[in-house]
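Once you scroll down, you'll see the structures, which are given as structure tokens.
Both of the next two complexes hold chain A, though its partner changes from chain B to chain C.
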Partner chain A sequence: MLHAWLNVERNPTQTMRDFLRSFLEKGIVEAILVPAPSAGGASITPTLFLNPEELSRAEPFAPLMPVSEATMVSMLTRTGNPIKLGAVMRNCQIRALVELVKFKQAQLDNLIIIGIDCPGTYELKDYSAMVQNGVDPTASLLENLARGEVSPAPGYSFREACTMCIYPIPDPAIVAVTVGLMGFDGERLPILVKEELAEKLGLADGSPSNRREEVINGLLKARKEEREKQIGRFTKEGTGLEGLLRWFSKCIRCYNCMGICPICYCRECVFRTPVFEHESARYFDWAQKKGVLQMPPEHLLFHLTRINHMVTSCVGCGLCSSACPSEIDVALVFQSVGEEVQALFGYVPGRSLEEPAPVQTFQEREFLELGETLR
Partner chain B sequence: MNDFEPKIIAFVCNWCTYAGADLAGTSRIQYPPNVRIVRLMCSGGIDPIYVLKALLQGADGVLIGGCHPGDCHYQSGNFKARRRVAILKKSLERLGLDPDRVWLRWISASEGQLFADTVTEFVKFLKEKGPNPFKTLQAL
Partner chain C sequence: MPARIGVYICHCGINIAATVDVEEVVRFAQTLPNVVVARHYTYMCSDPGQALIKQDIEEYKLNRVVVASCSPRMHEPTFRSVVAEKGVNPYQFEMANIREQNSWVHSDVQAATQKAKELVAAAVAKVALLEPLEEREVEITPAALVIGGGIAGLTAALDIAEAGYKVYLVEKEPTVGGRMAQLSRTFPAMEDARHLLAERIKQASSHPNIEILTSSTLREIEGYIGNFKATILRRPRYVRADRCTACGKCAEACVLAGQIPDEFNAGLSRRSAIYLPFAEAYPPVYTVDPQNCLYLKEGKCGEGDTPPCVAACPEGAIDFSQKEEELERKFGVIIVATGFDLFDARLKPELGYGRYPNVITALEFERLASPDGPTGGEIIVNGKKPQSVVFIHCVGSRDKTVGNPYCSRICCMFTAKQALLVKEKLPEAKVTVFYMDVRSFTKGGEEFYDRARGEGVLYRRGSVSEIYRKGDKLIVRADDTLLGRPVEVEADLVVLATGLVPRKETEDVALLLKLARSADGFLAEAHPKLRPVDTASDGIFLAGTCQGPKDIADSVAQARAAASSALMYLIQGKAKVEAVTSKVDPEICSGCGLCEAACAFGALKLDPKRKVMTVNAVLCKGCGACAVACPSKAIQLSHFTPAQTMVMVEALV
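Moving on to the complex of A and B:
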């Protein structure tokens, strides 16, 4: 790993575009996945660039994440990655991608991950409101960063999942390059590059950014506090039979949380199979048993099952909450449960490609109290 | 509460626990009739959705039975089941639901008496605990 600096002449976005263009122009990658305005311009979405000229419209730092790029990289590499591909990714996306690789839903061969420090992202509705009110979300974020502050524009807040994210920094062991946004001082952008890549890019070894270190430490402290606070709120309001029913009370069983989840990769989810297309008589049976039947039924079964199926690999990207039309805080449930379930296995999703996911493996001598007769 | 008869759904593996239950029957060992048995080929075939469905529908207890560690007919199915049950119980506990209504027990084909004892013990345990609160809730 080598520390280098990118000089920011106009603004960091332009610097980053130029930096990314050099990947294509020097043949380091043949295509590169970078967030850019979606067709029509109302959102920002991962966009696959082959033409270096087109990169002038890329928005690598736009604080918006309507989908996980991990899902897009899975689409591009699941059945083999024929060309050298670069991808600009935030750490929750990288961690989700690591999980998907373990489940054989993506491949890292031929992939160069360009990780960026993630200060946080906005909900799409807030992002749109900012644009409408004449606030440039990216520019205001970068201005704050230049002052050493990781904070949203005044009057707005980041997505809750971002405010409680304790993994905002890409792992240099997994990415080829880290763009150290947290160390942006208004003039220079620190980056961490793998040696062989630095050579190809013509980057010289420099000093590490002390400022970045400081900003990250301060940020992590605040994030941990917020995380504890939010998880405490779930424990207080969302647990127990009544709490849980209240928490999911607005669920319309649209399955958006499952559809958007980068970890929920099943080609055919059991909830979308004929297993849940019950015969008409079945509904009346249930209604008879309890006197009434809430329709559509089985929303709690859906959430509890989804928790059991994938909470061990949940990276806390929060897209389930963002995608929920009823604004249920699904992500907080997954983070609260995930924290304890993952701890059973000493597992951190997305930490390492070497660790199998808990549901993929077992040890003969573990949980010995389970299965043994009491007495 | 005295006349409360708990309903137990048991998911048992074909090779060990089901055969154990069969042995209890053919040996005419008496045990409470509160258990409804569902046979799986292997305890490793247990999906948490089966257990959750039973609990949300109002089953008072769910028993998962498999071969003793090392004895699985398919080598490692029971180890996989054990991990899934560990995840299930921990998540139920974290959500403030009752993890103790789910029991995992290793019962071999020769342990008819152990099967009968386990059911007897589970029924007693559930009678003390009382009915599953989901029984009366309209939302599944």
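Moving on to the complex of A and C:
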């Protein structure tokens, strides 16, 4: 791993576009996945570039994440990765991708991950409002960074999941390049790059960025505090059957949280299979047994099943909350439950490809303290 | 065709009828949907009981049957064949367990009757949804793999070979013979163990149907009953079998001669780095111990370029260029005979083993008492013949403090034998045995124990708390539980009757072959009473002490039973495989492989092209673990589909 610097002549976005173009031009990758304005221009979405010229419209630093790039990499590699692919990714996306690889939903062969330090992202509605009010979300973010501040534009806030994210920095063991946005000083952008790649890109070894280190340390401290506060809120309001029913009271069972979740990899959720297609008579039976039957039924069972299936792999990207039309804070439930359950298994999702996910392993002797007796 | 169900409530004598109002259950069953006829009878499993079902199937045109009686473990096959005889698919039969899960555990008649009704209602609801299933057959490769070349493995191999089938016998050590080769005499007949074993080794090694692979371990095993394939790793001996005459000159020339603890003599003597484990070893070929051989470790041995052993060999048999080999063998059945380890007596530090040279284990005593042992069969400790010998029972057995609550079964008898050997070899010696209980259930065992006492062996009931040194003697301190007071006995030699524990490789064997282990850590049989040599995996059988502590007679009996069970398949040339299996819906499956991790039988594999999981229906035992593991329920278990299970739940709650 080697420290290098990219000189910023006009703005960091342009520098990054040029840097990414060199990947295509030098044949390091044949295609590259970078966020860019969606068709119609109302949003930013992962976009697959093959032609280096097109990269002039890429928005690699736009603080918006309507979908997870991990889901797109899964789409592009699940059944094989025929060409050399590059992907610009934030760390929650990288960690989700690592989980997907464990579940055989993506492959890392032939993939070069270009990780970027993530200061945070906005909800789409806030992002759109900023654009409408003449605030450039990317430029304002980069201006703050140049002053050593990781903060949203005045009057706006990052998504809640981002404010409590304690993993904003890509792991150099997993990515080929890290673009150290946190170390941007207005003139130069520090990067961390694998040696063999540095050679191909013609980058020389330089000094590491002390400024980046400081900014990250300060940020993590604030994030940890926020995280504790948020989880405390859920613990107080959302636990127990009563608490959960209240938390999910607005759920319309639209399945958006499941559809957007990068970890929810099932091709068909069990809730959409015949397992949950009941005979008409059963609904009346239930209504009779319970007195009344709330329709659609089983909404809490749906969330609990989803927690049960994938909470050990939840990376806290927060897309479930962003996608919820009823504005339920789904992500906080997963983060709160996930933190405890992951700790039980000594597991950090997305940390390492060598660590199998808890749901993939079977150990005859574990949690004996819970009272299970062996044969 | 609409379901036409017959329901039969069994009294099981008074086992059920005393606690459950069977007539009431019948009246209730008659009201359930699709039930055409419901009856009760004293013993449904009896001939008249079975006749009743057959007659009703004809008379009422039944197409599904429910029997409410005992656990399906015993009689489900009985009733399945009853209904099949009359043309009803055996998988459209369902059993409700109203004995083990009801009448045997409850006493309130009213409540037990209500529970019986619910269990019957659940079975009736399910049976209406059951699909007909077909049992399938697989061909059997006419060969067997025997893992372990001790007395059990040799015996099983011989029986199968004698019946005319090929046997591959894989042994980890450089020779066959196993633990029995180390024993002096057998109980209760006091025969020479070496002689009995040598005969067996000779028969097996000269049998044209047996291929013995020593210094070999299983690396991988794949397939299923009838069609297994193993990759066997054969380590080099560095000695050419076609040239070695076992003259022993190499061992004399070895620079490490007399320096390496000899495992065959339980460490009581020392050998060279090139050695023959014992005189009757098969193959009768010397072998180089790569852990110790200087030439293999350092690339140089002795003064010149030629290692001394190579120089000493008149036949030019030593060949250091030999390499590890991978062999592949195909076979239809497997017999596991991997044996046991001895309890490590150091785990009972109060007994002084490892600290006092005159505290020895029973196996070390066997070597002392053997004519081919380090002392030529004389009991000599510290250069002297002991005048007082103390034996201690149950070292590492029946001992929860070391995690071994089980009885090792053979220690009472081998201690009696060893005590008699002391009396035979040292008639003047005082012999004391400390015991908890004497268990002499082997044939002739009680008489043998009587004989030991008759010849002057003093049995004292009590547990030993400590052994310490006083001068050149050992003092054994114990609580005499009959006298109710502490006693101290002076000893020149203490022999610990160390128990049997599962081999340290048991976990690897269990993982490799997908076998279950019982609570004591030994490999688990399919059923303790009715299927004692079978495993939960079809076509894999257990023989000898890998399944639990056993004496030679029991090991041989079990080995022959395992061989017979294996032969049933080999002779028929085909086997029926479970009809209840899991199925993957490729439309739903994401190919994540969670089911593969959950499957204990290796039945699930990813189709690399389609990226969906596939089930090998022959390997699948229908346990359902995969169906539970699948997050999107892309896997369904036939005979236990969600719909079939949900109607039971609905009927019960």
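Just so we're on the same page, the second predicted complex is superposed on the first by the 367 of 375 C-alpha atoms of A that agree within 3 Å, B and C clash if a C-alpha of one lies under 4 Å from a C-alpha of the other, contacts with A are read in each partner's own complex, and residues count from 1 in each chain.
Operating definition for what follows: contacts are C-beta pairs under 8 Å (C-beta built on N, C-alpha and C of every residue); 3 or more make two chains touch, one makes a residue touch a chain.
Note that the structure is a prediction, hence the values are computed from the model and not measured.
Enquirer: Chain A superposed: clash or fit between chain B and chain C?
Expert: Result for chain B and chain C: clash.
Enquirer: Who does A:268 touch here: chain B (first), chain C (second), both, or neither?
Expert: second
Enquirer: Touch test for A:359: chain B only (first), chain C only (second), both, or neither?
Expert: Both partners.
Enquirer: Would you check which partner chain A:104 touches, where first means chain B only, second means chain C only, and both and neither mean what they say?
Expert: Second partner only, chain C.
Enquirer: Should A:344 be classified as contacting the first partner (chain B), the second (chain C), both, or neither?
Expert: Only chain B is touched by A:344; chain C is not.
Enquirer: Return first, second, both or neither, reflecting whether A:79 touches chain B, chain C, both chains, or no partner chain.
Expert: In the superposed model, A:79 contacts chain C only, not chain B.
Enquirer: Counting residues of chain A touched by each partner, does chain B or chain C come out ahead?
Expert: B
Enquirer: Please work out whether A:309 is in contact with chain B alone, chain C alone, both, or neither, and reply first, second, both or neither.
Expert: In the superposition, A:309 contacts both chain B and chain C.
Enquirer: Pick one for A:285: touches chain B only (first), chain C only (second), both, or neither.
Expert: In the superposition, A:285 touches chain C alone.
Enquirer: When you line up both complexes on chain A, which piece of chain C, out of 43-51, 79-87 or 97-105, runs into chain B?
Expert: Once both complexes are placed on chain A, chain C clashes with chain B in 97-105.
Enquirer: Do any residues of chain A touch both chain B and chain C, and if so, which are they?
Expert: Touching chain B in the first complex and chain C in the second, residues 270, 309, 359, 362, 374-375 of chain A appear in both lists.
Enquirer: In their complex, what parts of chain B are in touch with chain A?
Expert: Its residues touching chain A are 47-49, 52-53, 56-58, 66, 68-70, 76, 78-80, 82-91, 94-97, 104-106, 114, 117-118, 121, 133-140.
Enquirer: Taking the touch rule as given, give the residues of chain C at its contact with chain A in the complex, in rising order.
Expert: 518-519, 587-594, 597-598, 606, 611, 629, 631-634, 642-643, 650
Enquirer: So in the complex, which bits of chain A are touching chain C?
Expert: The touching residues are 78-79, 103-105, 265-270, 273-275, 282, 285, 309-310, 356, 359-362, 374-375.
Enquirer: Can you name the residues of chain A that touch chain B in the complex?
Expert: Answer in residue numbers: 238-241, 243-245, 270, 286, 289-294, 297-301, 304-305, 307-309, 311-312, 333, 336-337, 340-341, 344, 358-359, 362-364, 366-367, 370-375.
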